[in-house]
Amino acid sequence: MAKTPKESLTIFTDIVLPGESNPLGNLFGGELLARMDRACSIAARRHSHEIVVTASVNHVAFNNAVPVGSVMTIEAKVSRAFRSSMEIYVDVWVEDRESQVRSKVNEGIYTFVAVDKAGKPVIVPQLEPETTLEKERYEGALRRKQLSLILSGRMKPTDASELRKLFIG
Amino acid sequence: MAKTPKESLTIFTDIVLPGESNPLGNLFGGELLARMDRACSIAARRHSHEIVVTASVNHVAFNNAVPVGSVMTIEAKVSRAFRSSMEIYVDVWVEDRESQVRSKVNEGIYTFVAVDKAGKPVIVPQLEPETTLEKERYEGALRRKQLSLILSGRMKPTDASELRKLFIG
Amino acid sequence: MAKTPKESLTIFTDIVLPGESNPLGNLFGGELLARMDRACSIAARRHSHEIVVTASVNHVAFNNAVPVGSVMTIEAKVSRAFRSSMEIYVDVWVEDRESQVRSKVNEGIYTFVAVDKAGKPVIVPQLEPETTLEKERYEGALRRKQLSLILSGRMKPTDASELRKLFIG
Amino acid sequence: MAKTPKESLTIFTDIVLPGESNPLGNLFGGELLARMDRACSIAARRHSHEIVVTASVNHVAFNNAVPVGSVMTIEAKVSRAFRSSMEIYVDVWVEDRESQVRSKVNEGIYTFVAVDKAGKPVIVPQLEPETTLEKERYEGALRRKQLSLILSGRMKPTDASELRKLFIG
Amino acid sequence: MAKTPKESLTIFTDIVLPGESNPLGNLFGGELLARMDRACSIAARRHSHEIVVTASVNHVAFNNAVPVGSVMTIEAKVSRAFRSSMEIYVDVWVEDRESQVRSKVNEGIYTFVAVDKAGKPVIVPQLEPETTLEKERYEGALRRKQLSLILSGRMKPTDASELRKLFIG
Amino acid sequence: MAKTPKESLTIFTDIVLPGESNPLGNLFGGELLARMDRACSIAARRHSHEIVVTASVNHVAFNNAVPVGSVMTIEAKVSRAFRSSMEIYVDVWVEDRESQVRSKVNEGIYTFVAVDKAGKPVIVPQLEPETTLEKERYEGALRRKQLSLILSGRMKPTDASELRKLFIG
């Protein structure tokens, strides 16, 4: 039975402490990658009800630094389910204490695989996107999957039908 | 003046402790991402002699789990320098205690930008690849840069000249 | 201007890793107290838009252990605002991976004070509870404040008018 | 056989490092709660010779901040033993480097339960207070236990005989 | 004015958690070295009332492993004061939960130097040992200092008068 | 079959983050001891192909502080193998970002023992030093071993033949 993205929505709100900062006084890049990975793994688990492991990080863009003392919110949602793998989109916001305005600092795309206790992949429910943004991300997921297979040498670019359309236009 | 990849080579060898593991007894994916980021940032700094910040994670593939107690080696080297950004390739190995055979468990591609103290991008030295693998990675870097710009919506696929060649064959 | 509890709602969802466990394989009590404190401080900050510091922990009950590997959700909301202090209620749930059923494991009550940069208390907005549970917690907050003052020796029991009613019936 | 409070005395002296501080440069409240919990659990274990788990935090008052670089001493002692639960009083001091004067920054009351390996409560030795302060804390413990039962909804205020006396005078 | 060793006595009691263990389920050696260093630095600070920095670790012997779940006590005391440096002796015990018997697992000797804010060495009070053990350790300190100077190439063995006696007998 | 020191060479390069610093803004002494221990344990494992445990720290000299933000390189190599114990020399450098000049900040000597799964010592391969520095350290190891035995009370100074030569000249 198909599930919606909001069923896997995972919210992680925390303060950035000095112990997690780089020498410029901002959240260390690696520390943020680790937290995004944790949020994505919970979203994948909520979608699949299975044990999940990180398969790949497809893209993370660091647009703005996150200063020490910030309140940071990470939100992860499954953006597409394949046979046993799931693509997860994760957005990171920082909120201003005085105005409470949230601004986006970071966005990432991770892939997780659902496995049984022996580590063998198992089938996961399909995803039915609801909002416009969810549909857009769902559409793009197949192209990103092909990209990932090409980058890891497991698919020839000329076989990536979905992706080719983009470039040949 | 151009520099070679080996001038930025950064080696990080460590043991995987129980406190860094996931519930399956393997190194937590997020923890590994954080360590790869640290090694890449040092390679970028060694190439540029400047302050560097993570710009994006272009791809990380988790091929094999890293069990608690493993000796893990992370090796990062600049694979191509652009105007103020650098692509860094990072490989992760685990070594068997008894045979001392190393096996590859993970590979990642990060992008860093060199900045001055005010956070403004500064120019970095160019890279001159030497080995066959270094040359291959150097060649692929331009395509990956275009991919990254497309994924973040800052370039239209039809403008990605280098990348189009791949798909049109 | 008064604010509602849901405006300060803070959600923190995370996995319990082995590095945070006690020798019985459950989340260490102290580690959970620390996380609850962080969630409460964000709720107090969202309500007041000010710097906030922990004033007291009024009560935390550990009903069930949280095993390693659990997905744990902490939810904090302001339950009553006084002049410059705020009482925060925090609930902790664990969700079963297979059934996705959430069960409550823990509940706590913290008090935070809003301060300016010199550490001097500042006035915070009042709270207008909406749901039945929010109203109940709001009502109880005055009694708990009196209890706290008595426990710290800053009020005589016979002066605690609100509290006396309870015992004299 | 009854035991004295000093038999369970647990001392924990440590330096506050920058990695444990909040954005104001003081020890993070949550971090202090965690350390107090660890010291209390050792005191409960020394009194009972059993496995112990945190049952509740009854009260913690944060009177003064603990700046980074401070030498902080936590002292925990059992203040009363019930059937299988124990109340622990914990005091926190900071010492001035130059004058070596100690000042109290924090005080807390925790409750622990002694359990066997299956998690079933087991009987613990009674406590015989010796000093005036120990006797005072011992006397107050019954009232605090009733308070705790009321706060968690397991006792009606009108049944709390010991506590009622306080309010009726 | 001279001070006694007990004036600098520093006690650190804590539980060994899984997150601090090595793959054999014991406290990681490096983690123990770090904790011993922290306890010694407090003892040196209590003796001198100055800022102190680690100068050297003269000897640490690991006699027995410390299993996860142990209650561990570290006790550090100044054993001799020189002009601006202090030798600190640190003993580590583990206590058995059921019998409460303490057994020694580890012993170490560290040297700290007292400095002003610019990092320049400052003079410290002399030490007057009281117990037999304190006197023994005080006597040995001069020989150990000469050893340390020889090991770091700052003294010729033939100039180490105190040490020579030992070998020439 | 004998092995060379370079076969056990272990390199650990990392950035010093604020969370690992002392109140003066330098890497905490204890944290550095812990990292040196981890690098040494890997070198000992690479030489022996066995499980290894820390036996003693023979000497560590802290010559210069390591400021937050530094790139630090730890290099460990077996300096001599005895029956089942190995002496490891570990050198620590910091590199200047702009000039890339490396300067030595620290040097340490650790001893590890190779054990089987039951913790019983096992025999390790002998070491054949190659460079001048390796030969020097190899020569000194026997004297240091005797020193260590004397310091721990397991050898009389007058029986330390190798060491006596030094003092008698």
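Here the chain labels run A, B, C, D, E and F in written order, and each chain numbers its own residues starting at 1.
By definition in this document, a residue touches a chain if its C-beta (ideal position, glycine included) is under 8 Å from a C-beta of that chain, and two chains touch if they have at least 3 such contacts.
Here the structure is a predicted model, which means the values were calculated and not measured.
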item	value
Joint neighbours of subunit F and subunit E, given as chain labels	B, D
Greatest separation from subunit D - chain, by CA centre	B
Chain pair among C-E, A-B or D-F whose interface repeats that of E-F, sharing over half of the contact pairs by residue number	A-B
Between B-C and A-C, the pair with more C-beta contacts	A-C
Same-site or different-site touching of subunit B by its copy subunit E, using the half cut	different
Interchain centroid distance [CA atoms averaged], subunit B/subunit F, Å	31
Mean-CA-position distance for subunit F and subunit A (Å)	43
Chain centre separation (subunit B, subunit D; CA means) in Å	49
CA centroid of subunit C to CA centroid of subunit D, Å	19
Where subunit E touches two or more other chains at once, by residue number	15, 18-19, 28, 38, 41, 51
Interchain pairs in contact, sorted by label	A-B, A-C, A-D, A-F, B-C, B-E, B-F, C-D, C-E, D-E, D-F, E-F
Contact footprint of subunit D on subunit A as seen in their complex	15, 17-19, 68-69
In the complex with subunit E, residue positions of subunit F that touch it	24, 28-31, 33-38, 41, 51, 53-62, 65, 108-109, 119, 144, 147-148, 151-152, 157-158, 160, 163-164, 166-169
Subunit A - residues contacting subunit F, complex	18-23, 28
Contacting residues of subunit A [partner subunit C, same complex]	10-15, 38-39, 41-42, 45-46, 49-51, 71, 95, 97-100
